[in-house]
Structures are given as structure tokens and as C-alpha cells.
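I've put the structures underneath this note.
You will see chain A twice below: alongside chain B first, and alongside chain C after that.
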Partner chain A sequence: MKQAIFRARFLLWGLAAPQLIVLFLFFYLPIILAFCWAFHLEQPFGGGSQFVGLANFRRVLGSSEFWSSAGATLLYMVLASGTSVAAALVLALAADRALKVSPLARNVFIWPKAVASASIGVIFVFILNPFLGILAPLNDLWPGFWNPRTNVLHTYIMLFAANVWNAIPFSFIILLAGLQAIPQELHRAGAMDGAGPWRRLRDIQLPLLGPQLFVVIVLEVADSLSGSFGLIDTMTQGGPGGATNLLVYKIYSDGFKAYDLSGAATQTVILMALVACVTGVQYLFLERKVNYDR
Partner chain B sequence: MPETRSNAGIGLHGLVKSYGGAPVIPGLDAELEGGEFTVILGPSGCGKSTLLNCIAGLERLTAGRITIAGREVQEEEPKNRRLAMVFQSYALYPHMTVAENIGYALKVARVPKAERMARVAAAAKLVELGDYLGRRPGQLSGGQRQRVAIARAVVREPQVLLYDEPLSNLDAKLRQDMRMELAGLHRRIGATSVFVTHDQVEAMTLADRIMVLNKGRIEQFDTPEAIYHRPASAFVAGFIGSPAMNLIDVTGDGSHLRLSDGTALARHPHRGPAILGIRPEQVQAAPGGIPAAVTWREDLGAHCVLTLRLGDGTALRLATGPGQAAGTAATLRIALPAAALHLFDISTGRALAAAAAPATMKAEHDHLPS
Partner chain C sequence: MIENTRSIDRVATAILIAGLAFVLAPLAVVVITATQSYEDFLARNFSLVPGTHFAGNFREIWTRTDLPRQTLNSVIVGAITAAGRIALAVTTSYAVVYFAGRGRGLVYAAVVASIMLPLELMIITAYQVTANVALPLDAVANMGGWWGALFGAPLDLQWNLLDTYAGISVPMMAQGSCTLILVQFFRTIPPQLARAAIIDGAGPLRFLRDILLPLSKGPLTALGIYMFISAWVQYMWPLVAASSPARTMAVVGLARLQEDAERIPDFPLQMTGAILVTLPPLILIALFQRRIVRGLTLSEK
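Showing the complex of A and B:
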């Protein structure tokens, strides 16, 4: 922003202030507090805290429950973002073949993104209910065919189904826009060069879709680490047997159900570091392969 | 690559292409000789690119047959037709280097790497791109991209080369250079070439034969010389030549062609209404001729173009010979030499046989549009 446009410096700050205040109150302040609490022992109902150095970290990292939760979190991150991006990519490729998406249709497509994940969780729990849901008739035929309340595999399938449904619209729109921006003549040139549809997909469409694919992957990976809370809280509460007790849910239950504020803050710091690391690694290694030439 | 002429002629038989019921090409027959450089010329929307895409196999025919080297190909995939295409926007793969772009077709065809590299190098040399093989298309100028597109087309040694307005994105100077290079390239590789353009200069300079297309129909398919000197229709006459041929509504009384106010324009035995065509450079200033008012003067340096108004208000353009001054007179007397007249049917626009002008007039070559 050139100073010549805004002569008075206070005007600049004035215009940016609402955004900055909101960011500080709801983003930076909690982070700072979490960092603070991670190095203190907090009273469950307030009233004084005691500096304990790295004791919280030693306690958290020494617990096997934390490690199994972290493992489940990483597994969920890879599978949830993988399935949702892959599903959106397949749909976008299919749609790109013969579809002109009107602005209205684009608008309709994006609606599921606006539904809170907690609502989606409630709906999917009902749809996939082993006794009342769409798979219930199969349970009548083969008892125990589908039971996400006891079978860990079924539980994860249920979570992924809800997550994919939630995540597809956003990724789909971005990927479809990227595909439609690839000039028609490139497809024709590819066809003239003897490349069939699959070959063109591999050699022309996917490389040129790199920037969009990268953005979608980065956002979905970050979202799968933090955004899974609503789904887990409404669908599994971390069960069965703690199998879906991902870090983001464990932080909530440790902090607000078990009143271990310091432990929850410590795990929050670790989760933030994990998100930062994963995103950083993506930018370092994945982005190198992205080609921005058009 | 050897100096041979491809023997892959292209036959178009009863070719129909419609989009949702609206025919773009209502039915077209033509034979393109093997090794010939055919230019398909016409205004935008005349169906010329559609015709090219049909030959390429990028569009399915609604009806009709296409043969290449005597083999029916209308049901074949583009890759099986042994042809290559240069696109208007070049359509280079932006994420591949020049060498990868040129060699992509060979890679898809599983040509061994050593042979592929050799052929890519040879094609790049043909278009003088040898130093740029490692670059990306984004780092090249428009002319260089055009060369990559051409190299990519010739590397497969196709029987047929298709060009879809390949020069229209270049500036005037570069277009002229590329025109010469394309002509030279055609002489060297001798592939049957089909070149689509709306630019009459490209058509006149590159073509062995020009196919003038109007609303999906062939107006005339002949050598540039015949197209220019013996236009088969008023459409062709008006489309070729710069400035365009004068087309004037006249009525013949058996001895003279007259304007609506009765002014005799030229001697001619035709009877009845007709369209009289005469090229601006063949309208002559002549003492004792038809009086005309000069309404506009354009001095183009090499020659001048005057816009005249005849007695009944008909506009007529006159191009002076090279170096001839246009004068400053407000009025002028002109004559229309009988040998330079073209006569077209008033309703169909087709040339009337009796009016066929003498084949060549040497002086006209100076007036070829440039």
C-alpha cells in the first residue's frame, strides 16, 4: 500500500483495526494463553497458578494414551484428507468432461461447506445407525455386518463418509475451476499427439492442476487435524475404546471434562506445532513440484 | 528430412457438419492433391476451422466421408490419421520444455529415447530452435513458440499437416517472416498441407490452391492466380484484393452497361441487370471519360487510393499506379477498360461466362496486396 494513497498513517491503522482486534482476541490471545498454561500448573476452577517448567510436557509425552491419540490423529489426517481430495478430484474430472457449471450451481455446490460439522455428524450418525439407518436391513440379514459403535473400522468409515461429504464441495469447486482453466486446445493438441484420455489426464491435466491441487491438499490436511472435532464429538465421543480419540478431541475432554487445564494446553501447543510442521513440510517438498506456468 | 512430396491426397465427399441441427457445413465435396498446399480462406464463421477440425478428427462428421491417401478415416481417432496440427494459440504444454513438447507425440508412441532425441533435434534444427530445447514455452517469444508448435507437428513426419490460423497471433513483421519460412518448410518436407486463414495475403502467397469458403460452401477452389483474375463469384471478387474490387449494380442494354441514372460505364454486350466488378487498380483516369467526384484520398506512399462518387451516387475506388501522384482535383474523368471487367449474376452472384476477363495482365502483379 502506497503512502501516497493514504496520507494519514492513523487512517491505515484505523481501517485495519477491526480485523486486527478480532484476530488478536480470538486467535493470538488464546495461543499466547495456551503457551503460558503449558508451562504452569493451573487450578481447575481458577485461582492461582504455579510455574512448573517442562513438567507438563514430560507428563504428556510420557503417557501412552497421548501417543495412541497422536498416532490416530496422523492416520486420520492422511486418510481423511486423502479420501476427500481424491473424491473431489474424481468428481471434478468427471464434471469437466461435459459440464458448464453455472454460477447458481456453483453456489448450490458450496452449501454443504456451510453446514457445521456437528450438524453433519448428527445427520450421519442417524443415516448410518446400525438399527435404524440405511444399512440396518443388511444387519437383519447378516447380524453384525455394520456396527460403527463397536467396530473400529466401521467407526472410521463412518467418520470418513461424513468428512468427505463435508469437504467435497470446496475442493470440487477449486479443482473444477482449475480444470476448466486448461485451454481446450491443449486437449486437442494432446489428442493430435496420440494421447488418449487417461494419458492426457496424467500428462496434461494433473500437472496443470498442480497449483489448485496443492492448495486443496494443504487446506484439507490442516482441516482434518482441527476440523474433525465436530464430527467426533457428535458421532463417536472418541470411542469405541478411545480409537477415535484424536488429539483435538482429547484436548477438549482432558480440559473440560477432566479439568486438566495444563495438560490440555500442553497438548494444544503440541498440536499447533504439528499443524505448523505438516504445513511447512508440504510447502518445502510438495510445492517444489507445483508448476505455476500456464 | 528428404525433399519428397507426400502422395496423401485428401478427399472430402458429401461432408456435412451440424451443431444441434444448424448446419455449419451443409455439404461439401473437394479433392486436395497429395503434397499440395491448400489454403482454406473465408470470413470468420464461414466454417473453415470446423472443416479443418473434421479433417483432423477433432470433430465428428454429421454425414459424409473423408479419405486420406485413399483410406476412409472419418471414424478413426486423430492419432490414427497420420496427420499433425498447428493451432492458433500454439497449444504448447506449458509444463514441458521445448524438447519435451516436440517429443511428446513420439513419447506417447513409445519411440525409443535415443531415436526420439535425434528426431527432436532434427525437427528443432528445421525451425532453427536448437538453442532453446531446454526452455519452457513461457520463456519464449511468440515467434519462437510458433516454431515449437511447427516442430512438434513435423517431428512425426506426418502425411498431412494442418494449420489453424497459425500466424494470426504474430505481429505484422513476424507474420511475413513466418510466411516465408512456412513456404520453405513446405518445399522441404512436402507434406500435404491444409492451412486455414481469414488473411488473403497468407492465402495468395502460400497456396498452391485456395478454397474460398462462404457459409460452409465452396465459392471457388482454384489457384491464387485464377482466384484473383477470374473470381467465380461476387463474394470471391469482393473478398480477395486490397483495396477490394468495386462491385456496382448496373443494367446492360446490349451495347453498354449503365448506372441507374443512365450513365454508360463501359461497352459490353450483356442485357439485363448484373453486378459489374472492376479492381480499383484497373480503373483508369481518362480525359473524356465518365465524370466522378473525388470524396476521399488515401496516400499509401507506393500508390494512392481515391474514393470517387459517380453521377448516381455510386461509390467507386481507384488505385493509382506506383509512384503516380493522386493530384488534388475535386473531380476526375475515368474509364473502365473492357478487358478488366467482371460481370456477376445479380441474384446468385456467380460470374457470367461472357464477362470472363483475359487471363493475365502483367502489370497487375505490382498490385498484389502486400
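Showing the complex of A and C:
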């Protein structure tokens, strides 16, 4: 790090203190508390707590409901972030070319950022309603053609569509900025050496976009989880048959509806570990391939 | 461009138009449905023919639901959260970039680590902390019972922030992305500026107020708008942190419009509500699109 100019050490801590206090209270303390509760049996409404060792973990890991929820969470994280980053990448590559529609597209593709995940959930659940929505006529022709309330595959298609819609802006902005920072000379040099547009995409654009792609993938994995709650709460409520009961949603219902504080905290610890692992795997395997030199 | 790429340009144009349709079609459906009356809607089901009932729907939202009040709540919480995040990020990034000291790397790492785990993941215990912010003081005071031995009873401070504007907004500030972006920006400012300021006799705080802040006006407004919108669209935390209708935010209120569902939901009314809830941030985005993009991509240069 460069640029350290002032040497007033107490001022350094004084300036950083407000943010550190807020972070301690509402980021680090909730994590510590989750670990505490995971090893205690917490009574709701301040009814006392009792150390129980690994009993909570044994209970949670012994339930098949937990495992299907964890599986769905992992699947959702991978597919939701994958589809939204892929869509944003394709759109960014297209918008990077100087076309007539590019300026309009660059403006409009950022609009979904202004729509909350819960709002787009409310909207999509209406548009894709099997009896009242846009696909209802097809259901009249072929009964059962589209029913996200009973068909798990349809439910997930609906969720991913809403998630992609909502997640385009951030990835699009970052990826497009990365593409535009690639010097034109590289394109020209590549073209002179006989590389066609597809070849240049593979050998120039994508490798040089590495840092941005990496950032976007890492952030999108965490974002897909935090956005999933708004979508699930308004679209599926965890159904059909618990198929979309992701851990984020399960923890909420276990904790706030069933008052199983210890169980919810134990699953919180496991979920945080899962996210940390996925992020760690990305750093280990993806970041190695990223080339930061331009 | 470089060579004749008309066919590729055509493909790219088609992709962009498909993308535009995908983004705009749901919004168009919302607007059209909001103009239909409930009776129209029941009679014709889904239809892309605009009706004439928008004013009626809007009047019903405005007078018979809590959405107007909740929209005001969103404005207040959004403003507090944005201002707070910017203020915290400015002081922290200033400390991290401009001050020598053993702590700066540690401070930076502690802040950046918070980006990886969003508030939604630890909702249960974050709720517990907000229900009693004095929790850590109590815990330290009662560790080993020394407080009770000194004063006769264990310390039991209670400071409940649930259902207050502070309780909704401050936990949403506990996230380091704003600081990350500002640190990158401060590093692009030439260090000679600060050296010159020292020679002219300015102290660290004077330099921050008179030179650094005016210089960062553009990025700070862009970040502020972005953070306002980010707070506006939050759902899970405002849902659990505010239980009274007086503190509920607009997005939560919109999602609850459909809850009394015995009959077929009044979708035209819901879509009218969606317009009210979405329009303020959408206008901000459309107007400040360039600035926001520039503000966000600072870190990517």
C-alpha cells in the first residue's frame, strides 16, 4: 500500500472507529452469536440457554429436510449465478460494439437494479400465473403445459428467469467497463494476424476480461443467495413440496415462525461455512487462471 | 470497426433487442395491467389491451392501503442508509489510504471481509443483536460475574432498536463494498496533493474537508444514489426488523398486498402498487445512469 502520508496513529483509529463499531455490532457479533447458539439450546423469549455440545448439529444433520434444503441451496447458487453472469456477459459483448441500439441498451439494462427482488417476484408470479398469466391460453390448449405451482422444473425456471432479470445490471456494468478498457490496438493487431472475431473473443477479450469476470462471479454467488429470499417469499414460499426451501428461507421459517433458535443458528453456521467454502474454491481454482497484467 | 463485420453486428443487434424485450416486457405488462379494472381483469383474464382505470386503481392504493406511508418510510430509510454508508466509507477509506500505522491493513481486511457474507445469511442473530444492542456490554460486564460482585446485581442493559428507523438502516450499513470502491478512488488521487497541503500548513482533517471531499464530489454523489437505491430494494431485513405498519418499507408493503387471498387477487391493484414502489428508484437510475456506472466502475480501472 502506498500513499500513507499522515502519522497520527490515534486519528487513524478515530476515523475508522465508527465503521468498525457498526461492523462489529451488525456483522461480527451476529456471526459470533450464531456460533454460540449452535452449541447451546436456546429457549425463545429469553427463556435461558444451556450448553449442549454438538447436539444441535447432530439434530440438524440428521434431518433429511436439511439435506434436501442444502442441496437445493448449492444447486441454486451455482445455476442462478451461472445463468445471470452468462446472460450479462453475452449482453455486454453485444453492447460493446458500436451499434445503433447500444446506447439505449446500456441505459435500459441497468433499470432492473431499481426493482426489488420481492417486487419482481410479485410481478413474475402474476405474469407466469398458470391460470391468469401470459401462458394461460397454452394451458387451455394443453392442460398441464405450464404449472410452476406443482412442477418443480417449472418453478425453478420461473425463479431463474426472475433472478436473471434482477441480476443483469451489476454484472453488465462491470463486464462492459472491462470490455471497453481493452485497447483497440489489440483488436487491430489480432485482426492483422488473421484472427477472426470469434478467435479474438476467445483469445483476446475473454482472457483480458478475467479480473472482471472473477469479481462478478464471486459477488454474484453471494448476491444470488441474498436475493433468493425476496423471490422465494413472494413466488413459491419454499414449495412445491419444499423443493425451493433454500437454507436462507428455511432458517427464516425455523427461527421466526417455529422459534427453533438453536436449529436456525446451527444452520446459519453451516450456510456461512458453505458460502465461505464456495468462495474459497473460487479463489483457489478460478483466480489462478486470472491474468491481471494488461 | 476493424473489418467488415456486418453479419456479427446483425447478431449483436438481435441479441441486444432480445435483451431489451426481456427487460422491458415485464415492465410493460405491469403498466398495462395497472390501467385495467378488477372487473375487466376477471372478465378477460390476461390481456394486453390497456384499460382506463389507472386513476381509480391509483386512488385506491393512495387512500385504502398503507403504501403511501410506506413509500415515505423507504425514502427516509434509504436516505439514512445512503448517508450513513457514505460517511462511514469516507472516514474509513481516508484512514486506510492516508494514515501510516500498523492497524490499516487489519482495518481494511476487517471491512472487506464483510462483503462476502450478506446480512440475509445471519438474519436470526442480527435480529437478536438489534433487539438489544447493549448485548455485548452486558456480556462483558457479566463475564465471571464481576459486575454482580461489585454492584450487587448482574448488568442488564436493554436497548431495543427493532421497529425504529435506526434499527432498520444501521444494520444495512454494516457492509464494506462502499469502502472498497472509495479506497480504490482515493488511491488514484496523486499523493503530491496531500504533501502540498501539509506544506501549506493544513492538518489531516483540514485536508479532508477542503481538498479531498470537494475532489470526490462526483463519485460520492453517484455512490450515494446507488446506495439509496440498494437500501430501497432491500426486502428481508426490513421485513423482520419492522413489525409495525408505521415502520414497514414500501417493498415489504407491496409483497403483503396479496396476503388476504381467498378470492382471485386484485392483480391490477397490485401492479399499480408495484409502479408506485418502483418508480422513484427507477427514475433515479434512468436519470443518473452515466454517473452511477462511472461511480461503480472506479474500482475496475
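Heads up, the rule we're going with is that the second predicted complex is superposed on the first by the 269 of 294 C-alpha atoms of A that agree within 3 Å, B and C clash if a C-alpha of one lies under 4 Å from a C-alpha of the other, contacts with A are read in each partner's own complex, and residues count from 1 in each chain.
Keep this in mind: contacts are C-beta pairs under 8 Å (C-beta built on N, C-alpha and C of every residue); 3 or more make two chains touch, one makes a residue touch a chain.
Remember, it's a predicted structure, so these values are computed and weren't measured experimentally.
Residue by residue along chain A, chain B and chain C are tallied for touches, and C comes out ahead.
Looking at the shared chain after the overlay, A:Met235 reaches neither chain B nor chain C. In the superposition on chain A, A:Val248 contacts chain C only, with no contact to chain B. Once the two complexes are laid over each other on the shared chain, residue contacts for A:Pro18 go to chain C alone; chain B is not touched.
By the touch criterion defined above, A:Ile204 lies against chain B but remains apart from chain C after alignment on the C-alpha atoms of chain A. In the superposition on chain A, A:Ala95 makes contact with chain C only, not with chain B. By the touch criterion stated above, A:Ala105 is placed in contact with chain C alone, chain B being left untouched.
Within the superposed three-chain model, A:Met272 lies in touch with chain C and out of touch with chain B [touch as defined at top]. By the touch criterion stated above, A:Leu159 is placed in contact with neither chain B nor chain C.
Once chain A of one complex is fitted onto chain A of the other, the partner contacts of A:Ala114 are limited to chain C, with no touch recorded for chain B. Across the two superposed structures, the residue set of chain A contacted by chain B and also by chain C is 188, 191. Interface residues of chain B facing chain A in the complex, by the touch rule stated above, are 53, 56-58, 77-79, 83-85, 87-89, 91-95, 104-105, 108-109, 136-138, 152. Residues 1-3, 5, 8-9, 11-13, 15-17, 19-20, 22-24, 26-27, 29-30, 33, 45-46, 87-89, 91-92, 94-101, 103-105, 107, 110-111, 114-130, 133, 135-136, 170-171, 173-176, 179, 186-187, 191, 194-195, 198, 204-205, 229, 232-236, 239-240, 251-252, 254-255, 257-258, 264-265, 267, 270-271, 274, 277-278, 281-282, 284-286, 289, 292-293, 296-297, 300-301 of chain C are the ones touching chain A in the complex. Residue ranges on chain A touching chain C, taken from their complex, read 1-9, 11-13, 15-16, 18-20, 22-27, 29-31, 33-34, 37, 87, 90-91, 93-95, 97-102, 104-124, 126-127, 129, 131-134, 136, 165, 168, 170, 173-174, 177-178, 181, 187-188, 191, 197, 211-212, 215, 219, 222-223, 225-226, 229-230, 233-234, 248, 251-252, 255-256, 261, 264-265, 268, 271-272, 275-276, 279. On the side of chain A, the complex with chain B involves touching residues 183, 185-186, 188-195, 199, 203-204, 207-208, 210, 291, 293-294.
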